[in-house]
Amino acid sequence: MRRPKNKVAEYFVNIYRSLATIAAGMGVTIKVFFQKPVTLQYPDELPVIEEAFRGLHIYEQEKCIACEMCVKACPIDCISLQYEGKGKKARIKSYRIDYTKCLFCNLCVEACPTHCIKMGKEYNLCSYDRAGCVRELAEDIYSERSTVSE
Amino acid sequence: MSVDYLHTHEILVNMGPQHPSTHGVLRLVVKTDGEWVTETQPYIGYLHRCAEKIGESVEYPQFVPYTDRLDYLGAINNNLCYCLAVERLAGIEVPERATYLRVIGAELNRIASHLISYGTFGMETGAFTPFFYGFRERETILSIFEKWFGARLTYHLCRIGGVMADITPEIAQDIRDFIKTMRAVWDDYNTLLSFNEIFVRRTADVGVIPPEMAIEYGLTGPCLRGSGVKWDLRKNDPYCFYDTFDFDIPVGEGLMGTVGDSWDRYWVRMREIIESTKIIEQALDRMPEGAIRAKVPKILKLPKGEVYVRCENPRGELGFYLVSDGGTKPYRLKIRAPSFCNLSITNAICKDCLLADVIVIVGSIDIVLGEVDR
Amino acid sequence: MRELIEYLLTHVPLLTKVPSIFVYAVFILIGAGVVLGYISVMVIIWVYLERKVAGHIQARYGPMRVGPHGILQTIADAIKLFMKEDIIIPTSHKVLFIIAPFLVFFGAFAPFVVLPYSESLYLSKMNVGVFYLLALTAFEVIGIIMAGWGSNNKWALYGGMRHAAQMICYELPMGISVLTVVVFTGSLTLHGITNAQGWLPWQWFISPLKSPFTFIAGFVFYIAGLAATKRVPFDLPEAESELVAGYHAEYSGMRFAFFFLAEYTAMYLVCAVTSLLFLGGWNGPLPRAQGWLGNLLGLINVLSKTYFLLFVMLWLRWTLPRLRIDQLLSTSLKYLLPISLGALLGAAIQSAIF
Amino acid sequence: MTFEEIYTLLKGRFGDKILEKNDENIDPYIIISPDAIVQIMRFLKHEKELAFDFLSCISGVDYPDEGIIETVYHIFSYLKGHKLVIKVRLSRDNPIVDSVTGVWRSADWLEREVYDLLGVKFKGHPNLRRILLPEDWEGHPLRKDYQEPAEYHGIPNK
């Protein structure tokens, strides 16, 4: 797109080009105006979460052998694990993930030898304070409180 | 008549850290004489996290998710570059399929990044709609990514020795469909913005960087190519089989004004979108079956030594300088961030222009502050 | 309005007993109230339309929450704005800061006095109608400079100064393109100008068949009107990506609402005046009628044309980038002004010969 | 040119200013004497056969055990397509080296960054201020013995 050398010609070419390109642009926008919008009406229409999605963790306590591989693999030390015993007999007291730190990097999942932790589909991570972002995933089934409730 | 008695004052304006078009938290101190800008001084560091220090304190595989946070718009390219550096030092052989998957991811990510650059550049010149159109197509890419490996912004796709997940035929079909729509929509993009007379007037002949100056200031990526220097690491210092792909390196030709003006930089990005679609198509066609991850020891120890690996990030040359002392953690990790070096040219070219030009120039350099400040 | 009052004064026995000045005052206030109400309703509809049009142009929905398809969104926003704390920043120039929004609104509101909606639906049949209209739209710039200066903010100052430069430049082609029409009508009243155009589209001034010069002048007037109302591509005074919010950067709540109201009122004004001057006003291809039915049809004609022009405004806004200040001035002084002068000359020759 | 050729060329030209080479490393490097850095760099850039026109990266590496800070320059050539790594060893207590901003303008911010994070002073730099950290920050974080301050302007670190 060269500009004409002649000043007079340039003047009229400028006018023509402005009007023509503006009209062409308006053609694009009006085309989209009559198309269906692509956005979702979020709380009413929920997005489809794919199987591979890396959301909040899902922890299967029965499989866990308290090997601490996930704790070691975590780049930011957001997993804290408390247990008694080792291996299959381990008694998990608490398995806590601090979601204010979590990078959702999947490294803990890959490190786990028994596949007891994986990333789920849940993506809502809101709470009223920072403490609410620290999620307890394990259920201390041996603690006194639970025995009483049983 | 003499007008010596008329005194005017230069105004010192703080553009940013909170300003709609400084791409995050960049602060430009602009000295203006009315609308004319006489001096621009950038101040950075508002997003500094000392990523290099973090790199020294985590193990090699653990730093990969942190590289996502450098240039968060081109995260896969960062992952890739860091993984290449570690693999080169450790001597890990990556399976062929994994390399192709990395290329597909990196190029899709490059398109996504350039789409944002298209949208924000339009926004900086005052057009809102391109922003939404850019995001509309980027959304498709993000959905593909989500289906493929489950993340939408901080991907962590590349692992040391391979990639995280394989693509299914369904995802491959999605990518092909996306390429088809992208090529169709690309023309609309250009009709709407690239060739619009107002846009051309705003950007052509603004912020001209001659090729010598671009090299002198260490510009890389689209900024360098916009100045007419045909240099792309994917072709000139190939990695990941890039030399076997058939694609062009778009360079600025001064189509609308001078070589190296803002429009040229913008146009290089727009054409790179099309070139990336070519690469993806070829990669999908040629991808062999096989493993996606090499055998890497659980506790990775690198031999003593050092390596400097550079890759073509959407913004330019990303370099990782890795020094290992034989342990499980890097002894020193230096990140050569393309945006950081590209931004250093601002006070050389953002002067004797209008206030609106400063925004166009900074926009045409296309920085990501996460990478500038690290 | 005057005719109505005189009719009432002579025919309603109760009113003949009070001094006529009171009756006038009361009726003027009622008239102002009606116009204000009309403007408010219009602006509410327009803001909603703008957001909807913007949404659909950008492949999204726009407001969808408040009411069905979000039709109550603007009302909710208006309530929010009026409920907000009235912040007057301590470092500002208080007097300028406080009165600026009202001046701006006044400049956009006062021209409504002369706008007719049909043959007999109007407030005042001022004999210098168009002149009055142009004079008052220029009033707005004073308010904006006051806002820019009074805010004690550099961005606001830039916005104010940009608007001043812009206004001065675009008043000229605007006035001249109005003159192009006046050459043919010989009348400055909006009634006279509208009645000089026929019922069919090719009898309007926008039609090149009637006169190629008014055809050009119509476009010039509309473009200059875009600039006068600070719409894209001429939205430099508020230029979001450059000046954050320009002259109203420091305003919030009700005062900001006044700027907002003034901007949309001015848009309406430009569209309505363009439709009256160039698109035949209440003349239209609808069947002709007398009495209240005629008024209604006239109103429909005027409003449909105005809304069409408004839609074009929105459409342009969501399509185009913004000009730079030097390009803005050269667009006016190097392109619009010579073109409008040429059109005026041509129109003068045409009207002298034919 | 290969690394060996470049090394011979430099050795022949500058003699004992070229201290050491290491070609066992993946990226072979040359260690030069800090007092001749500007001369050598200028030669590298302007010599027709070398034409190192692109300074990609300047990094500082702290070795507290040996009491040195290394400054590493990664330079490339667009014209010739070859690359070189130059290292300078500075004493840890008082690391001063001549600035190469006169050779490549891109050194400006890169040197400022090294100064900011490692405390290497570049003599002759036009504007040697902190770039990433605030002006009043104490210490240089990338040194191995750096201790995080407990607070910064009343903002606690923990």
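Read from first to last, the chains carry the letters A, B, C and D; within each, the first residue is number 1.
Basically, a residue touches a chain if its C-beta (ideal position, glycine included) is under 8 Å from a C-beta of that chain, and two chains touch if they have at least 3 such contacts.
Computed from a predicted structure; not experimentally measured.
Chemist: Using the touch definition from the top, what's the fewest steps needed to get from subunit C to subunit D?
Modeler: 2
Chemist: Relative to subunit C, which chain has the most distant C-alpha mean position?
Modeler: Farthest from subunit C by mean C-alpha position: D.
Chemist: Suppose each chain is reduced to the average of its Cα coordinates; what separation in Å results between subunit B and subunit D?
Modeler: Subunit B and subunit D have C-alpha centres separated by 25 Å.
Chemist: Give, as an integer number of Å, the spacing between the C-alpha centres of subunit C and subunit B.
Modeler: Computed from C-alpha means, the inter-chain centre distance equals 45 Å.
Chemist: Just curious, how far off is subunit D from subunit A if you go by their C-alpha centres, in Å?
Modeler: 40
Chemist: Indicate the residues of subunit C shared as contacts by at least two other chains.
Modeler: Touching at least two other chains: 57-60, 318-320.
Chemist: What are the residues of subunit A that contact at least two other chains?
Modeler: Residues 14, 22, 25, 28-29, 32, 38 of subunit A touch two or more partner chains.
Chemist: Going by the touch rule stated at the top, which chains touch which?
Modeler: Those chain pairs satisfying the definition are A-B, A-C, B-C, B-D.
Chemist: Can you list the subunit B residues touching subunit C in their complex?
Modeler: 11, 13, 19-21, 34-35, 122-129, 132-133, 136, 192-193, 196, 198-199, 201-202, 354-357, 359
Chemist: For subunit A, which residues are in contact with subunit B within the complex?
Modeler: 1, 14, 17-18, 21-22, 24-25, 27-29, 31-32, 38, 50, 52-54, 73-75, 103-107, 110-111, 119
Chemist: Across the complex, what residues on subunit B touch subunit A?
Modeler: The touching residues are 58-59, 61-66, 68, 129, 133, 136, 139, 146-151, 154, 156, 159, 164-165, 188, 191-193, 195-198, 200, 255-256, 298.
Chemist: What part of subunit C is in contact with subunit A in the complex they form?
Modeler: These residues of subunit C touch subunit A: 53, 55-61, 64, 315-316, 318-320, 335.
Chemist: Hey, which residues of subunit A end up touching subunit C in the complex?
Modeler: Touching subunit C: residues 14-15, 22, 25-26, 28-30, 32-35, 37-39, 41 of subunit A.
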